[in-house]
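Each of the next two complexes has subunit A plus one more chain, namely subunit B in the first and subunit C in the second.
So, the complex of A and B:
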């Protein structure tokens, strides 16, 4: 694949956007690869975490934002605490997810963003997570409706899943928080 | 009859682990002439040396053999020890049973037998050793410095500071070398002229430093302490004593030519000084292009010179001077990238080199500090730098890393951005080698603060598309092939030896490596010395060096040179060739094989016939005792003191005579 590298201006703007969202400077990364070396979930990623920073540096924004990596990232922050240049890569991953959502980019990786959406929907509605509805909705949406059915009885028996959704009282505050984050992200 | 003592060293366990040292000492007792033997943990230690001296007294020993490590390590130690024991220092032999035995074998029994043989050889030789006396030669207390770049300049200042006279011979019309071409220098970005010109002025003003610019060394003879050097002072056609550098002549000269100093990006006249701060500030006339010299026309400079300094009749002058030491500071040149078809065979005007870029950056340079496309003089906005061109390329370039191009490229990318913040800098690199004080930080700043884009990969091709230069490379870190349309491409071409390096090396009898770089005597322990005593190296003629390293080696070389000059006389090794004039037939076959030029012919009066005849004569200070002449001499008139035929045959006999007795 041949590509003409994005112009200085474009790249500078993209770097500024990322910095604005998460306060991190991608230009600091010297590609040592320590982040990728320690990341526990690279096996499921299409690019290594350090490659995502590299794409961002070169203004290959599509590659960065369409990658599965940014969605597979578990935000465990292993990379962030080990980076010799003091870059919080987990935050950059976050910023890239935000940018991808803003741009309406359809990620290669479907499940993770779906999960995130349903998870947050549940929080918004009940003020806390309703596992049963999360599992059902996720499996329906991802076209695998019977995926976890066999686990249901035992999880019910052990009390891990409740049939009736439990509500938490301060639901209003949670909703307020959600609005605020939404506003921030869509800026 | 010699009374020999043999001392066998354990060298901790270095020797004793593989060689049965006690057995060696025991058996050596039976060798002819051996009166005492022993073994000891560390012979080179003070107690070890004391032991030798004590045993010499107790047993009336007259010859010493130490069976230990290589003579290159401890021969000197034990010679001195032998001398301190009251014996001639050459009544000592070293048997190397470590490097030549214990370290290279693992069978203890076999190794012990071999060690016994080695000791036997040494004992057979030492019995026949003659007493030798160290001789001395006087020292000429002046230093010749060849090359007036920053290394030559620094060396001259340091030598003069030590109170010795020095002469700089510089080929170009001015001293200054490459550094004079630069705008700013990494990593501190101080202006090159601001830090160089004070040193140039100091050289010019010092009473102890003589400058021969526009001059070249033509012939070197003699030896340490007494070099005789012929220097050609090329005709400037301008009298240095009369000219005061007013510049009237070069302002009026009608001939305009490309300026070499400006990498052909600017113009100079036929009478010119290469740059405004030139030292000496005296022009030269380019005889190839001067109208008067070629067609007897013009003559303007002579007419306008207010000091009558122009002298068209001036001729080259060859002078001869004597020096005690020589410092070689001839610097480097740049690899010619026109061999790379993929980079346009040097035909694209906008594909330039780091030196071109330096001239463009320089505010007193040909573009007044503007970065332009040489093709049309328009400002260059998008600049692609390519590192390692001709370096790290075993196929077509130099195998080595030129060591400082990573740094000057970073500097140039930074300065580009400083000159024009809107400009874009792309740097293709393989690795970034920034190993120096504050270097890594500098390169990081260039990327982070100045926004230079570093791309990891060698460029595969530069070509033209729609009148634009296209650079096709790759960034292996992201796995993308990349094409950039560039206004200007700057190649960080390799630093290489000058074209005449071999000629100079042969003149000075110093070795050079496969890349024609002068070779130091030892890469770690004698980095500024050469194997020719009295000839030292500094700066980029030895290997690519940046200014800090160049200055450091210049000071190091001057310390070494001054150290030599601080002696009234210099000792020379007496283990050298000796001619028996009675036997010498005067064929001088020896002269041809001597690699050090140590053999001359001498006229003598034959003792028998009373006729005059020629014989060979050895210059003791030049002879290195290699023995080449010894084997070339058909009548056998030459012998090598310390390795006489008697000694060598004695050794061979000792091994062959009673073979089988102990085995």
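So, the complex of A and C:
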């Protein structure tokens, strides 16, 4: 694999950005690979979790943030529990996803970030999650309109999903809260 | 009577109604009064913590403040994901003064610091105690072979959760043994089920949950016991799809620990909402426990 390593200054800046978001220091990683050994979803990733940490250490921001790995991570925290250096890698994955979303470099084929946006849209509107609209909107946005449609009758019959959305009374409070978060973060 | 604030979370009002029903019934029987937090909001779950760190802390904190305003000292959250997010938010705000200031600015209120966050399993094991549960049981589990599945968020990260073991937890197994069931040793207690990928990356759920079902069956399980609505949904609702893909029948009922406890305390399947499961547990339970 041919790649150019970033300058010292740039590398430090990227490490600092990650630390600023999640409080974790990527420089602590000594590449033992224990995180990758225990990760249940490496089979679906383009790079191993330990490789993502290495990219981050070397300041290869694009390689880290454009990998499928950060979107395939299921946040199960197995890596975080087992890291001999005490790094919470699940938090670093979060930080990389947050940075990628901020920079608008989320790969189009990834469905997980679409899910995140629609989920947060639902709680912004209702204060709570509305499953039916989440499924419908996600199916449309991801170009799979009939996905899981066959499960709907049994879910309705078993009372697992409602046609009417559940609401938290002062629903507008969550919208207001989200605006304030956005405002603070853009400072 | 012990009185606690109740944070059901979105799932217990929709896909996991039977967890809500059985937990409330069990609490009534054990002398725990649950008071649902008025106007609670979603904890933000995974979509918040992969989008904005501040949002992922502010949403749980809003609920913690509401719970503290009720004048209670404990909030109980049955969904492992909600439980995890509430615990993390509480700890991060306590340890990071800059974050605390930002959260307070967002919420326009001082953040809650005193209220304790607990999972129902913790309340039953630590506060009620297995001895009392055993004494109150009216029905033995008759050696029912149970694989207890804890999943990720109930036990990780241990520095925040501070309950049970992150690799080989025992609390549900101990409950099963105390009630006369057979708690099976198996290796997949804390393997990930695919969690919130159920709708977005369903193939991952098919794969991971498929492995869990397979391991449980190999270990000799007649059912799997869970303490999280996401785990339940992935193993139950997706079981047919998994069977189709693997060309193997599992037919494993996925029960909430509150349901099994409710049965042991003398409640009926109907009362506990067991007909809401996709994989029907009634045949197994009628045969083994003679319940209706």
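In this section, the second predicted complex is superposed on the first by the 170 of 187 C-alpha atoms of A that agree within 3 Å, B and C clash if a C-alpha of one lies under 4 Å from a C-alpha of the other, contacts with A are read in each partner's own complex, and residues count from 1 in each chain.
Convention: a contact is a pair of C-beta atoms (placed from the backbone, for glycine too) under 8 Å apart; a residue touches a chain by one contact, two chains touch by 3 or more.
Note that this is a predicted model, so its numbers are computed, not measured.
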| item | value |
| --- | --- |
| Partners on subunit A (subunit B, subunit C) - clash or fit | fit |
| Which superposed partner A:135 touches (first subunit B, second subunit C, both, neither) | second |
| Subunit A-centred angle between subunit C and subunit B, computed on Cα centres after superposition, in steps of 10 ° | 100 |
| Which partner, subunit B or subunit C, touches more subunit A residues | C |
| Partner chain in contact with A:58 - subunit B first, subunit C second, else both or neither | first |
| Overlay on chain A, subunit C to subunit B nearest C-alpha distance, Å | 23 |
| Interface residues of subunit A shared between complexes with subunit B and subunit C | none |
| Residue ranges of subunit B in contact with subunit A within the complex | 424, 426, 444, 447-448, 451, 453, 455-456, 472, 475, 477-485 |
| For the subunit A and subunit B complex, residues of the former touching the latter | 1-5, 7-8, 11-12, 25, 27-28, 30-31, 50-51, 54-55, 57-58, 60, 63 |
| Parts of subunit A lying in touch with subunit C, wherever the complex brings them together | 21-23, 40-41, 43-44, 72, 74-78, 80-81, 88, 93-95, 97-98, 101, 111-117, 119-120, 123, 127-129, 131, 134-135, 138, 142, 147-148, 151, 154-155, 158-162, 166, 168-170, 173-174, 177-178, 180-181, 184-185 |
| Contact footprint of subunit A on subunit C as seen in their complex | 10, 13-17, 38-42, 44-55, 58-59, 62, 96, 102, 105-107, 152-153, 156-158, 166-167, 190-192, 194-197, 199-204, 207-208, 233, 237, 275-278 |
